[in-house]
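Heads up, the next two complexes both have subunit A, just with different partners, subunit B and then subunit C.
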Partner chain A sequence: MNICVLVKQVPDHEAIVRAAPDGSVEVEDRWVTNFFDEIAIEQALRIRDAHDGTLTAVAAGGARQVDALRRALAMGANAALHVSDPALDSGDALVVARALAAAIETLSPDLVLAGRVALDDEMGYVGPAVAHALAIPHVANVVALDVGDSALKADRLVEGGVETVEGPLPALVTATKGLCEPRVPKVMAVMKASRAKIDARDLASFGIEPPSPTMRIDGHEAPPSRPAVEMIQGTPDEQVRRLARILLDAVGGGS
Partner chain B sequence: MSAALVLVEHAGGRPRRACLEALGKARALGFSPVALVQGMDPALVAPYADRVLASTHDDHPEAHVLALRAAIDRTGAALVLGPCTLTGRDALARAAAAAGRSLVPDAVRLDLEDGAPRVVRPVHGGKVLARIALTGDAPWFVAVRGNAFPAPDPADPGAVEEFDPGIDPSTLLLKVVERRQAATGRIPVTEADIIVTGGRGLGESANFSLLERLADRLGAAVGASRAVVDAGWRDVSEQVGKSGNTVAPRLYVAFGVAGAVHHVMGMDGAGTVVVVNKDENALFFQHADHGLAADAIEVLPALLEELGDG
Partner chain C sequence: MQFRFDEEQEFFRSQVRDTVDRLIRPRVREIDEKDEFPRDLWEELGSLGYFGLRHEERWGGMEADTVTSMIFFEELARGSAGFFMSVTVQMLMGTYFIGRFGSDAIKERVLQPAIEGRKITCICFTEDQSGSDLAGCRTTATRDGDDWILTGTKQWITNGPIVDAATVMATTDPSAGLRGLSFFLVEEGMEGFAKGQRFHKLGTKGAPTGELVLDHVRVPADHHLGEETGRGLEYSTDILNQVRVMTGLAACSIADEAMKDAAGFARGRVAFGKPIAKYQLIREKFGRFWVKYEAARTFLYRVAWMIDQGMECRKEAMAAKWLASEMCLEAVDEATRIYAGNGFSMEYDAQRYFRDARFLLSGGGTHEVLVNFLGGQYLRGVT
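Moving on to the complex of A and B:
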C-alpha cells in the first residue's frame, strides 16, 4: 500500500508571536511539527506496517519545511518529498493545496493522511482542497480508522457526536486528537533523519503552473487586549456572593 | 443586489447561531441573504433571509458539498458564508476548492473594500489577527466565528422554496453507516453562549458533578481542560484549547484551570471571562475580567447554594 502524509512545521504553541509595526508577523524561533500532523504520521506508520506499504511524507514551503519531513523520517517514514517554489509564498492555501496535489499525484497513493488544521495559519483548507484536486473522498476529523486493501472505515467527529463512514480507496483522511498517540522517535533515528538528503522540487518539475492567488495577507495586528483583571476580595462568603452576582449579571436578566 | 449564500446548519433542529449572524452580516454588507437549509424547518430561518432554499438532500458529507455547489450555481451568489463548525468548514472548503477559491475561515470581522471582502481572523491561536483580502473574482468563501457579529432581528419572512440539488446518488463515494451523539447530552461547547470549564483543580472526576449542576443552573455547556481530558475524566468533545475546541461564548467561567497557553488559545475570543483558581499567581488571571483566588472545590458548593441550588 502506497501512503502519503502531509506535514508542516509550525511555531511551538508557547512561542511568542506578535504583529510587527509594519504589519508582518514576528515569530520566536521555536518550531515543531504540527500537532495534528504528528498524529497523521503515527497513524500512517501503523497502516504502512500492517499493509507492508510505503510511506512518503510531503511538505510544501520554504527550507524550514524540511524539518517537518525529517521529523516524519525519524518517526519511520520511508521517503520525503519537498515542494519548494516562490509561488508558495503568497500565503494562499489554494496555491499550497494545488502544489501538494501535483506532487502527490506523481506518487499515486492509495491513502493520503493529513492533520485537520495547521496551528499557525489555521486555514484547515489544504486537506479538503487536495482531496478535491485528486478527485478522491475526504474524510474529515477522524478519531478512529480501519484501512483494508481497497476500502476504509472511519469514525469522524461531527458537531456533538461521532459519525462512522465507509469509503473506497484512494481517499484523504484528516486526523484529529484521539486517533492515536504519536511516537517519540529514537535518538539514532533522529540523527539518521538529520543526514537524509531531501531534494526540493519546484512546481514546474511537476508540470504545473501555479494558480493565481485568490487571497492576500494584508497585514497583522494585535488582538484586542482585555482590561486588567478585577480580583474578587473579601471574606469567603462575600467572595461567593460577589461571584454569583458577576455570573448572574453576565448571564443576563438575573435568570 | 447580489446574493450572499449562507450555509445554515442546525443543532437539534434549531439554526446555529453563527449562521443567523452570518445572514445578518450579509444583509448589513448590502447583499441579499439567501439561506441554504437541510434537515430543519425552513420557517425558523425565513425571518432572517430574503430567500430560503430548503434542500431535499440527505445528511451526508459529500451531499452537503454538492448541494452547496448547486445552490451557488442557482443563486449566482457573490459571497458564500457558513459556520466554522467541523462539518461546515469541510463542506465550505470542498465547495471553495471546486470553485477554484480559497476558504477564509474564522472571520471575526468582515467588510467590503472596492466591492471585495476583507476579513480579519485570529491566527497562531489568537496571538495575532491577520487581515486578509479576498482577491480575484467572486464567489468569495468565508466561514465566520460564532459571536463575532450581531444576531439579526427577525423581519418579514423571506420566500421558502424547495430546492432539489440534483445529486446523483451513485456519485457519493462515502457511506454513512452510523451516528452517535456524544454521551454527555449537553450543549456542545462550540454552540454555547455560556461555558463553565473545569480543570485539574477540581481534584477528581466526581467533582465535575458540581460543575454540571452549575452549568444546568446557568444554562451553560461544560468544558474541560486538556489535563482532565488526558486523565480520562472528560470526553475530548468537551476540551477547550489548541488541540480541542475553539470557543467564543459570551461568558466563560473556569474552575481550577491553570490557563496554559494552549488553553487560552482556544477561548480568548470569549466575552466575559471569570477565573477561579486557588493559585493567586495562576497565569489564567492575566486573561480574565474577574478573578477569584480560592479553591474551586470549596467555592462551587457555596456558589450553588448562593444561586439557590444548594
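Moving on to the complex of A and C:
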C-alpha cells in the first residue's frame, strides 16, 4: 500500500507569539511538528507495516518544513517530499493545498493521512482541500481507522458522539487525538534522519503553474486584555450583595 | 572561524528536547517529591538508544562526537536533575572504562546491556576522606596470582544503591600517590561487595546515591580496566574533561529553566499597578543572567569542540564548569527572589531549581579546588 502523510512545522506551544503593531505576527524561534500530524504519521506507519507498504511524508513551505519531514523520517517514514516555491509564501491555504495535491498526485497513493488541524492558524482546511483537489473522498476528525486493501472504515468525532463511515480507497483521512499515541523516535533513527538529503521541488517540477492567492491577510490583533480581577471584600452578606450586583450588571439586569 | 551548530545538530537538539518534554518533564515533580529512581523511564530511554551515544556501534552505540553528546546532556538537564545525574553517570563514567578497556566478554556481559538500559553502572572515586583529592584514595587493589583483591569503602556514589556493575578507583601502590591509581570492574553478586547506607540529599532527588563497601572482593585480571596499572589519573583526566563540560551545561539548563519560569511569573505578577517585569531591578536580574548564561554556554561548547579536536583542555574544562556553575547558582537564587514569598513555597518549582543547583558545587570538582588550581596555573604563567 502506498501511503502519504502531510506534515507541517508549527510554533512550539510554549513559544511566545504576539501581534506586532504593523499587523504581522512575531513568533519566538521554537518550532515543533504539528501535534495532530504526529498522530497521522504514527497511524500511517502502523497501516504501512500491516500492509507491507511505503510511507512518504509531504510538506509544503519554506526551509523550516524540512524539520517536519525529518521528524517523519525519524519516526519511520520511508521517504520525504518537500514542495518549496515562492508561490507558497502568501500563506494562502488553498495555494498550499493545491501544491500538496500536485505533489501527491505524482505518488499515486492509496491513502493520504493528515492532522485534523495545524496548531498555528487552526484552519483545518488543507486536508479536506487536498482531497478535493485530488478528487478523492475524505473523512475528517478520525479516532479509529481500519484500512483494507480497497476500502476503509473510520470512526469520526461528531457533535456529541462518534460516527462510523465506510468508503473506498484512495481516500484522505484527518487524524485527531485518540487515534493513536505517536512513538518517540530512537536516537539511531534521529541521527539518520538528521543526515537525510531532502530535495526541495518547486511547483513547475510537478507541471503546474503557481496558483494565485485567493485570500489576503490584512493583519493580526491580540485579543483585548482582561480587566483586573476584583477580589470581593467584606462580610459574607456584603460579598453576596456585591456578587449579585456584578452578575446583574453583566447580564444587563435591573436592581 | 565558524562557531554555530549545523543543521544536523540543530535537528538532533530539537528531537532530544521533544523526547525530554514528552517523557521526562511530566514526571519531574513526582521524581523530586518521591525521591525514587524512575526505572521505567530509565528502561525507556535505554530502549531509544541514548545510553550508547558515545560507544562503539558494535555494542549498540552511536559513536557520536563530544559536541553531539553535549547537546544531548544539555537538553536532558532541562528535565529532572536527579534523572540527569543517573543517566550521565551511566553514559559518561559508569561505562567509560568498560567501553575503553573492557574485554569483549565484559562488553557483551556489561556494556551492551548497559547501553540497552538493562544494567545500571556507576563510577567510584569518592571516599570518606577524599573526593577531588584523588591521591587520598585509600581503597586498595592487591595482586593475588592473576586476580586482584579490592578493599575499601566508597561514598557519594550516584547509582550506587541500585548498581549492577561499578567501576572502582583503587590504588595498587599507596606510596605512589596519583601514580598508583587504577580502575577495576566490580559486579553485583561478587563476594565481599555490598551496598552500604543510602544518602539523603538536598536535591537531584531520584538519583540513588550511597556507599559501596568492598571487603576483600576478588576480581579476575581482565577486571583491571587499563593498559597498565598506575595510569588511572591519565585515563580519568580524559573523561573528567567531558564530565566538567557536561556538568557546566547542566548548570546552563537548570539556570535557563529557572529564569524562564521566573520570567513567566514576572510578566504576570502585578505590583503597584504594573507587572513586576516592568521594574528595572527585576529586568536587571534577567539581563545579568542572560549575559553570563551566553558567555558560559559558549565557553563550554568551545571546550567540547576542543575535546573533539584532540586538544589539551583540562584547564579550560575546569574554568568553563566553574563559570557555568557560579552563573547557575546566582540565577537560581535570583529566580527565588523574583518569586518572592512564592520562591519559599514547595508549590512552585523555584525551590527545586535552588536545591538541585547545589550539586554543581562539588560535581566535577569542588569550586575551591578548581579555582585554587586555576589561580596557581595563572600565577605560573601557564594559562
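Brief remarks on what is shown
Here is the rule we use: the second predicted complex is superposed on the first by the 230 of 255 C-alpha atoms of A that agree within 3 Å, B and C clash if a C-alpha of one lies under 4 Å from a C-alpha of the other, contacts with A are read in each partner's own complex, and residues count from 1 in each chain.
Keep this in mind: a residue touches a chain if its C-beta (ideal position, glycine included) is under 8 Å from a C-beta of that chain, and two chains touch if they have at least 3 such contacts.
All values derive from a computational prediction rather than experimental measurement.
Once the two complexes are overlaid on the shared chain, A:204 sits clear of subunit B and of subunit C alike.
In the superposition on chain A, contact is made by A:195 with subunit C only, not with subunit B. Touch criterion met: A:186 reaches subunit C, while subunit B stays clear of it.
In the superposed model, A:32 makes contact with subunit C only, not with subunit B. In the superposition on chain A, A:219 makes contact with subunit B only, not with subunit C. More residues of subunit A lie in touch with B than with the remaining chain of the pair subunit B and subunit C. In the superposition on chain A, A:240 contacts subunit B only, with no contact to subunit C. In the superposed model, A:50 lies in contact with neither subunit B nor subunit C.
On subunit C, the positions that touch subunit A within their shared complex are 7-9, 11-12, 14-16, 18-19, 22-23, 44, 47-50, 52-53, 62, 64. Those residues of subunit A that touch subunit C in the shared complex are 31-32, 67, 70-71, 74, 184-188, 190-191, 193-195.
Against subunit A, in their complex, subunit B makes its touches with residues 9, 11, 61-62, 85-87, 89-90, 93-94, 96-98, 100-106, 118, 120-136, 173-182, 188, 190-191, 194, 218-219, 236-237, 239, 242-244, 250-251, 253, 261-262, 265, 268, 271-276, 285-294, 298-299, 302-303, 306-307. Remark: subunit A residues 11, 13-14, 16-19, 23, 25, 27, 35-36, 92-94, 97, 119-125, 127-129, 131-133, 136-141, 143, 153, 157-168, 171, 177-178, 211-223, 226-227, 229-232, 236-237, 239-241, 243-244, 246-248, 250-251, 255 touch subunit B in the complex.
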